[in-house]
Structures are given as C-alpha cells and as structure tokens.
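The letters A, B, C and D name the chains in turn, as written, and every chain counts its residues from 1.
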C-alpha cells in the first residue's frame, strides 16, 4: 500500500509521467501554522536540475495545497498537496516499453501487476519522493514547535568518506554546496568524483547521515515499532537504499559490551544523560533524549549511459542503450528525502507518545 | 503497538517474569496442517541453556496451542499460543528495581510509561522473542508449501568474520554447532572467542546473515512497504539489532552503476534471471525471483558481569553490579529469531500478493 | 482518520469551499478497465441541482483522474481523483463564522479542533461524499466483473412509505424520477411531499433501501468485521444517517426463532440456498449467497429556512437565520452515496476473501 | 481479522470447545489501576446459567491475567487475559458435524474456509463475547477515571416494549432482575414471555438500549470513523444483532427538520448544551457533551428445540433436531456485551482525541 504512519499518516500517489504526483496527510493536529514558502523550499532542495551533477530533467515542482489549511492554519482535516508534472517527455522513454532495464523495477512491476506504466519508470520513479518531501515539510513544521531538528548530509560518495564526526561540524554548511557535504574540502572532492562519473556515463553510490536533535525521552514503541525500526523502514523505503544503521551500527557489532555500554549520569540540569552515545539516542526502541543519528546507504542509480545486456517482455536478449537524463549520484538530492522521512517517523511517534500513560 | 504484519498478522504479549508470554496469529489461511513438533523444535533452537555460551536461565519453553487449529489443521481463525514462564527468579533482579542499567531499556520505559516491570527487563527482555519464533514457525509451515525456505547463520562475531559467501557452503551445517556458523573451523574459533568473552564477564556483538530461497517474482509492495523495507523493520525490531543491509548493502554504496547493475538473461527454463545479484533478490521493493539475502548487525548485549556507572530513579549516581545470567553473545540464539521474523514478513507479502491483479 | 477499507482502501480530502475535494484509492487490483464516463455518470447522480427538490448549488462535479490508470487500465498503483470546487460563494456562509447552527457539526468541530473552516460546513459538508461516489464507481466496475450489482432506492420519505418489497419491483425504475423511488405512483407522492416541505423552508427525513445481488458465499470476516457490521459502519458514516438495519432488522427483534430461521435447501443447480431470507444474505458475518439488503435512515437535514435559537462561539444567545441553498430532503441524492459505500465495502471484502484459505 | 480499535485495540481468540478463549488489549495507557474483581464481576454478568431463562451450559468463566499488569497497575504493555473452557461437552454437538443448522454460521464458515470447528459453533459461538467483556471491563475502568459511565438495559422482548424513556428510570435497577429491564413490572412480563418461549423450545428477539453519560465534547472522528459509526459497527459485530440506531434513529427519519433540530443554549455553568437531544449526543460524528444513547436489535437466537429442514455438507436434505442448551432470548446476557463494546469504542476515541490539536 501507499501509506506510511499510524497517527500522522501520509498516502502518496502519482507516476513519473502522469498528470502529477501528490500526497494526503491525515492526522496532522489542528492549529499548526503552515508556512507554504518553507514547503516549497524543501521541494526545491529535492528538485532536479540544481547543478550539473543532478539530472537535467526540468520540473518546477511547484505544489498546490488543496485542503486542510484555512487561514494559514491546519484544521485537523486531511491536507492534500499536488505537484503537477510538467516535463513529460514520454518519447524519451518509449524505447523501454518492451525492455526490462537492469536493476530497475521494470521486470518486477510487470511480474507483479501484469502491466506497467513504462514512461519514466511510472510509479517506481524517484519522482514519487517529491510527495514525501512535501509531507515531510509539514512534519518538520510540527517538530519545530517541539524543538526537534532533523539534519542530513552526504557522508560518503563511492569510497570517498567524510572522516569527521557529525558533532565536529556545522551541518548547515552542507546546504552551501551541490553535494550537501558539511565539510567544504571533502564536498569539493566528492563533487569532482561525481562529475567525473557523470562524464563516463556512469553512476556511483553513497551514504547519507542524518542527525535528529531535541527528541525528548519516551518516543517510540517497544516491540515491533521500535523508533529505530521505523526509521529503518522509512529509509529502506526510499528508492536505491540498500542499508541502514543507527548509533554504533555495523561497527558496534564488532565491539565488546564493556566498550559499547553508555554510562548514565545526571547533568547539571538534573537531566539523565549518557556519557557516550553508541545507542544512537534509542534504547529498547524508545528515545532516551540523546541525539539520534543514523546512516543510509544508497546504491549507484541504475540508469547509466552505457550499453547493457538485458531481456525484453518476451524473454529475448536485447541491448539496453543508455538514454535520457539521470543523476550520476543520488545522494545530494537524497538528503532532503532522508530528512523528510525521518520527520514523518518522528511526527508519528510524537503523536503516538501522547497515549502512553494516564494523565495525572 | 505489539502487532506485526497486515494480512498475516501477529500480536505478542508477556513479560520476562510474568505468567508467560504468547502470541496470536491472525490471518493465517485455513487448511494449513500444523506440525506442533516443528513449532517446538523452533522454540528449542531459541531457548536458553543450549550450551555454555548461552545464558543458563532454565526455561523449557513448551508452548500450548489454545485456538485456531482443529483436527491438526488451521481454521482461518486466530491461532493463540502461550509459553508459560517457569524460571521466575525475581530475586535475581530485585536490585535493579531502582537502577537504570546502562544500555538497557530501564530508563526509557520509565520515561515513557512512568512505571515499569523491572523483573528481568519485563517486556523489554529478549524472552519476548520466543513468541515470535512460535509464530514464525507457523509462517514457515505456510512458506514450505510454496517452496520457500529461510535459513540464517552467524557470519561474524566481534571482528572475526566468516569469509565465505553463502552460496559456497551447506547452510544446514550451521545447526551442528553451538555458534550456528556453517563453516566448522570458523565456528570453533567463534566459539572460543565467545567463551573467552564470557569468562571475562563481558559480551560481544556479531552479525547474522539470512538467505531466502524460492520466493517467486512479485512479492513486496512498491513504495513504503518495499519487501526489503519490511525485512529491515522486522530485523531492527529484534532486541540488540543496530543495522540491516540487503544485497550489496553498504558495500554497494561504494560501487559504480556499471559494476552494480544486474544484467537480465533468460535461463534454460525460459525464466528471467539476473547474472549477478547485487539487488539481493529485490528490485523496486518487489522480489525478482533471485535469492534474497541480508545481514543483521547485533550489538554486544548490555548485561555484563562488571561494575558500571549509572544513576537510579532519583538521578543519583549508583554502581550497577553485574549479576544474574546472560548471553555473552546473542547471535547464536538470534539465528532462529531472524528466520522467524523473515518468515513472518514473507508470509504476509505472500498473502498480500494475492490481490495485486484481476484474475484472468 | 479519513480512510476506509483495508485491502481496497480509500482516503478522501477536501472542504466544501476549498480548492476541491478528492480521493485516493489504494489497493485496486491491476488490470481493471476504467470507464471514466461511468464514473462521471455516478457523480452526476449525486450532484446538486438535478431537480427543484435538490439544492440549487451549481457544481459540475467534473472529476480529474490524476494517477493509477495507464492506457485505460488500472496499474495496481494509487488512483487519485480530484473534483475542483466551482461554486465557492463564501459570502453565503460568512454569517455563520461565529454561530453554531443547530444540529450541524459547527460546535463539535470547534470543540474538537479549536478551529474550523466555517465556509459551507467545511469538511463536514455532504460535498465530501462526492469523493466517495467517485471511488465507489471504481469499486462498482470491479464488482461488475464478478457479477455483483448494487442498487439502492428511496423507500420512505417522512411517514410516507413505499409498501412494496424490493423483489416486487424493477429497481431500475428508480432512476427515472427525481425522488429515486422505483414505484412511480409513490415517487410522485414523495415528490409532492418534499416539494411542499421545501416551500415551507423546512426539511424532512427518509429511508434508503439497498439491495446487493450476486455476492458469492464467503465474503465477510466473522468477528468484528462482519459483512453487515462494515456495511453498517459505512452507512452510518454518511452524513445525516441515524440508523441501519439489514435483513429482518428491527422487526426481526420482535419475532420468534421458529419464524425467523431461514431453512436451507439445495436448488436445481445444486447450490445451497435458503427458503426465506431474514438473514439478509449474511450469516455469522459472512455472505451466504442470497441477496443482501438493508435500510438506512436519514434524519431531516439540519439546514432549514427558518429562524432558530442558538449560541455563538462566546456562548451568547443568537438567532440563526436560514439562508443559502439546501436540500429539503437528502434521500434522493443519498441513493448513489449509499450504493458507493456499499460497493466499497464489498470490493474490500472481495479482496480480503482471497486469503481465507490455502489454495488447493 | 479479529481485532477491534485503533489506539485502544483488542484482539480476541478462541473457540467454543477449544482450550479457552481470550483477548489481548494493546494500547491501554500505563498507570491504570486494575480491579480484577470488577473484571470478574463483568464476566459473571455475561456468563451462562444465571437464571432459568439463560442457557444452562456450565462455565465459571474465571479469567487469568497473563501480562501487562504489575503491582496492580497497567504498564503500557499488552494485557492478555484467558478464560479456559470447562464445559466442553463435545458429544452434544457431534450430530452437527455434517449438518448446516438454519441461520447459524455453519454453512458460511464452511463456504469461506473449506473447514470448520463444528463443536458448539466453534469461533462463531457467542462464547467469544466473553473475551470482549473482559476487555470492555478494562475500558470501563479507564472511562471511570474520566467520569464516563456506560449503562445498557433491555428495552424490548418480542413485541413487548418498555414504554419509558431512559431518563425516567434508575437504570441500576436493571441489574436486580434476570431480564435486565430497569422497570420491575415490565421486567416481570418480559421474564414470563421468555420463560414461556423457552418452554415451547423456541427463541425470541429483543432490543437493548444503551446510555453513555459524561463524554466530553470532541470525541469521534468526522468522516468514516464517526463516533456513532464505530458504535454501530461494534454493535453489529455482536452475534445476532440486526440493527442499530442512535438518537432519534429510524423515527427521526419520519420527522421534519424544524422538529428535529436541537437548539443550542448556554447553561448556568457556561456550558454549551442542547434543549433536546435528537442528535443522541453526536453531531457530525463527534460527541457534543450530551448523553449518547442508542438501540441495538437482536434477532431470536437460531438454536431452537424444534425440528427444522436443512441440508448437510453434501447438499442432501436433512432434519436438524434441536438439542443441547440454548438461550431462549439473548438480550439479558447481551446487556454486558453491549456495554463492553461501547466502552471499547469510547476508550479508543478518548485516546484518539488526544492528538486532535496542537497543545497550547
């Protein structure tokens, strides 16, 4: 199904080359001021054509707000937003009507549904994520009121890793360069690597790191819907994601408990804190008040400007020829998408936390 | 909430030192023969006390089948199973009533609920996973009828990694040793490492790899409920899990598209296949008929037999003294849990796949 | 929340005087041919201004199909439809910004949300049901393929009841008159009664009867989600509905079991049938293959052209003066809404029935 | 599926003649004191054998609390309760293994699932409602803290109606007689009618009226999940229910708006009230602070001590002979079930109401 969230719930729709894409947010509390410029700003961060290292598809990605907001304030009713498609160059894609592009969703959609909208990947296009970004912007507005911030950045491109810990950098710097890496020198090297990859008609993978600050203790559900489990699902639901880790992550699996345990202490404000944060801000599936941080691994995008072996709908061998526009590296544009999905998870858990106990 | 799955849905209950733990399976199709010995066998694989490298808590983990099965066959009605707790040594845990053990869920439960059952970790105890294993066994029985197998094994303990690819080994060998590693020599080295860790009163992390064979093309939902996203959520919902990756995973993020794309071809049976399987059997969130494989990272368990700094409920500094029984390394017993959760995800997607298209 | 259904799931949005209203259908199987003219036809049956006994608000109610259909066929992806609002005469409603109209939702929305879009009732307007009718039309197209028909008609207006049983009439005749009563003579009397009520600036209640034919045995879930329980919820979710009964209904409560039980027999086609149908086609919450029929009671609409006592937001006594346009009797336009909701329930249960048992 | 509720969610299991029946409550807030004697008291109100006008099946209906409560207080974790079956006289029912009893669920279960537990009706037995009553008792404890009371009573048996309005009687009197009618004289006449029916080996239908007091304005969701729509679904999900109406109900459909509208005024406490309450305490699907009241119609139970025509699994004509124990009239025992389901609906909406608006 095409919905995410329980209390703060979104449902998205739309294909790459249909009339448009969009989203309904259901469950957003009444009384939230909606800053439409902020929503558009978030969409602009995701939109194509921002630099020469992103796809040159032309989309203004201007959203229309259809419902749920009256006099600038949410009404507790569903908030519908639509982003019309403009650059519907169907002829760019007609050659793939019969072919299955390697590592795309062409074959699996056909296998599952017996039909598919082959234009630009149809529903499997990353264009669908614009709807998530619009909804995530509303979630961010809700979280802002609670003092919660969500900031993501590119921490690796190919084998080129940013070596600094998030706490050593001003993450806002990430928005100042096309790669969205908060370390300018590394950003430049990443840019060059992506640009070189683009010139070869190839693509390259990368990692996005996300940091959430200000979540109070008590968000998250303890068993299946652990805070990090929902974050993981939300991230793995983004196109091209291959892995998720939070806190110490895969490295933590190589450690001893005596190293890895986070000692509690009481800080000068009387707040219970931990001296280290291998837990990544989540213990037993519930936030503990420390920073939540996690990594999201993106594969190289499947569209490349090279000839590839494949088959068509009849199982016959064909050569897929690279055409059209593509992102040589998805991670710069993935940054706002990661943030949006994280914000949606957190907004949902915030609302769910309100029924955890009897009011005293 | 304490439910998982949409069409094949489980709800678990129970605390470590209450009357027992259990599960209701709702949505299991009618007409499935239930092999109770198999369910018990799966529970035995998870139960404590299997060797000296697992916790010495004594639990028979014998389950009772309360409903949903008549004359050995499922009826389409809810299947309830209860596993009574036997070894309820509450006195072992009374010392932690007031303390927050580092990297346990004590603090976060207290913060969320304003109360907690401190005996043995209450609901946050890994004992809860027995209910998942019982339910997963039923899911496995359903999948067996469809020719789908789920096999997990330990691929890393601390920094000690199994170097072989899953396709090079007979995975059934994993059940022949206490570590559940399919390579006997590596298994022995892992055993020694864990045993040494145990002697130091410490704990150590590790990685479980899982392989699913026989899933036909077409399982999984394309947007938020991608097959791998649900697998990720299910794995991250297991206690102590810090990361999830499928197919090429985090390594895939370091590659170029020209390396990473899986070329399609038609095999001798006329089936569409891929020459490589970086996709891990899932493309666009939907199974493509290849093996599904993934890695799950477990942190070192938080219970260690060493003194640790912490605070109590009043925020006062205390020393937490290691007592009780614990698993020095969780991954051997995690193998059946990983399998169970994978089976539950797949059973759910199998049922959901039945409504994907109009019957012709 | 603003969603209905589990497998065939709709989510609606929109306010009476916002940009428009709409719906996303999620879960519609791929491969269904979409007859857009039929959807528009269903919307036309509901739209205002059809005769002098319905509201004179001018709305073309032309829908736009935004996604989910490619080359005339559903793709298994979400189907989004939007119906722009045209006749947004906000000035008609400005006088109620501060007042609570008796038996409207003004007061309760304000109490719940602390805010409300007062223009034309906002989200509480019956205009929202247009989205349901559009979605219901798609459900009807799915049901048509299965040989299931859904037909509703007006069986009572005020105290004026249609005395004939549904099986004695050609229900298609209902569409030939403005009241939607399949008995022309009664229809004329009902028309006169409604018209007279209109002239008095008053409104009047009524009953809609619905008949569903062709449902095979086995649809419906046995405990909470009984087929008739979902029908009941779906009907009670329509604006102005006060009661629901199926089969023998309230009259059945006055009977003896020896009268009321429906004897089984085997018909000439070898099909198990019942001699009577007090069960209304549902036994134990599951369809038994007989006609499903039920009654839905609608109150007189709250908008009347008379002065009424009320209070404003500050609790001060005010006189609410009847203004604007209204339906003197809601049941003629409710007929397609009842059908739409019934079709949505049945489409959902059809899909859910597919996982009831192991395929043999 | 076998779950009900979104935030306060129950899942039931169990068959009439299996090991037992039970329920998991998920989402009950932490910190609620659990009075187990009260839960047992509620179960006793429903249990068989209370008088000669109820079935003589012997069941103590003693429940076991398996989880979720520690030191007498809910922990925010799932509350599991099991009621073992004692009187499992399977031989009483063996004669129906092959037959379809008229107006029971035998045929439809067989049609849906291809199998059924025929012992005592299996899962379709009203015995399943004991689990609801246990869960409803917990919901009542939650509501009590909020000042909300739920009281049901028998208002009609066959054609014998209680003529008084609920506000004219002390509803607590209903518990003092076997029929559960708050008017002693009418209760006696009803008792005699039921007893006479029993002697004839017949059964008879009836109506239960339920009154909910103390619900504040703002509970209920405005579109599909209207407060009365969920109440309707919950009631129609009880075995043998044929109809539901709230407020003015079916009679309201015969009225004019000028009669039916409930005028608002401000009372001496500054609270907005209505002078009449045809709305039944719900407007636009949301509570308005007035009493919520509704009627639930029960058919005569299908089990009668008379010979009836039917067919067996092979479609052959058989005579079903009345045997076993039965309730000649279900409404006296239905009173606590109606209350339980109403309490579950309200507890759910209470929790859901907590996220309706931004906290100021």
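Basically, a contact is a pair of C-beta atoms (placed from the backbone, for glycine too) under 8 Å apart; a residue touches a chain by one contact, two chains touch by 3 or more.
Please read these numbers as outputs of a predicted model, since none were measured by experiment.
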Chain pair showing more contacts of the two, B-D and B-C: B-D
Longest centre-to-centre distance from subunit B, chain (CA-based): C
Distance from the mean Cα position of subunit D to that of subunit C, given in whole angstrom: 26
Distance from the mean Cα position of subunit D to that of subunit B, given in whole angstrom: 39
Separation of subunit B from subunit C, taking each centre as the mean of its C-alpha atoms, in whole Å: 46
Contacts with two or more other chains, residues of subunit C listed in rising order: 1-3, 6, 12, 27, 30-31, 76-77, 112-115, 123, 222, 356-357, 360
Footprint of subunit C on subunit B - complex, ascending: 6-7, 27, 29-32, 76-77, 142, 145, 222, 351, 354-358, 360
Complex interface listing, subunit C residues touching subunit A: 1-3, 9, 11-15, 18-22, 24, 26-27, 30-31, 64-68, 70, 73, 75-80, 82, 112-117, 119, 122-123
Parts of subunit A lying in touch with subunit B, wherever the complex brings them together: 1-4, 6, 12, 100, 102-105, 107-109, 111-115, 123-124, 128, 156, 158-159, 197, 202-207, 217-226, 228-230, 232-234, 236-237, 239, 242-250, 252-266, 270, 272, 274-275, 278-280, 282-289, 295, 297-304, 306, 308-311, 315-317, 353, 356-357, 360
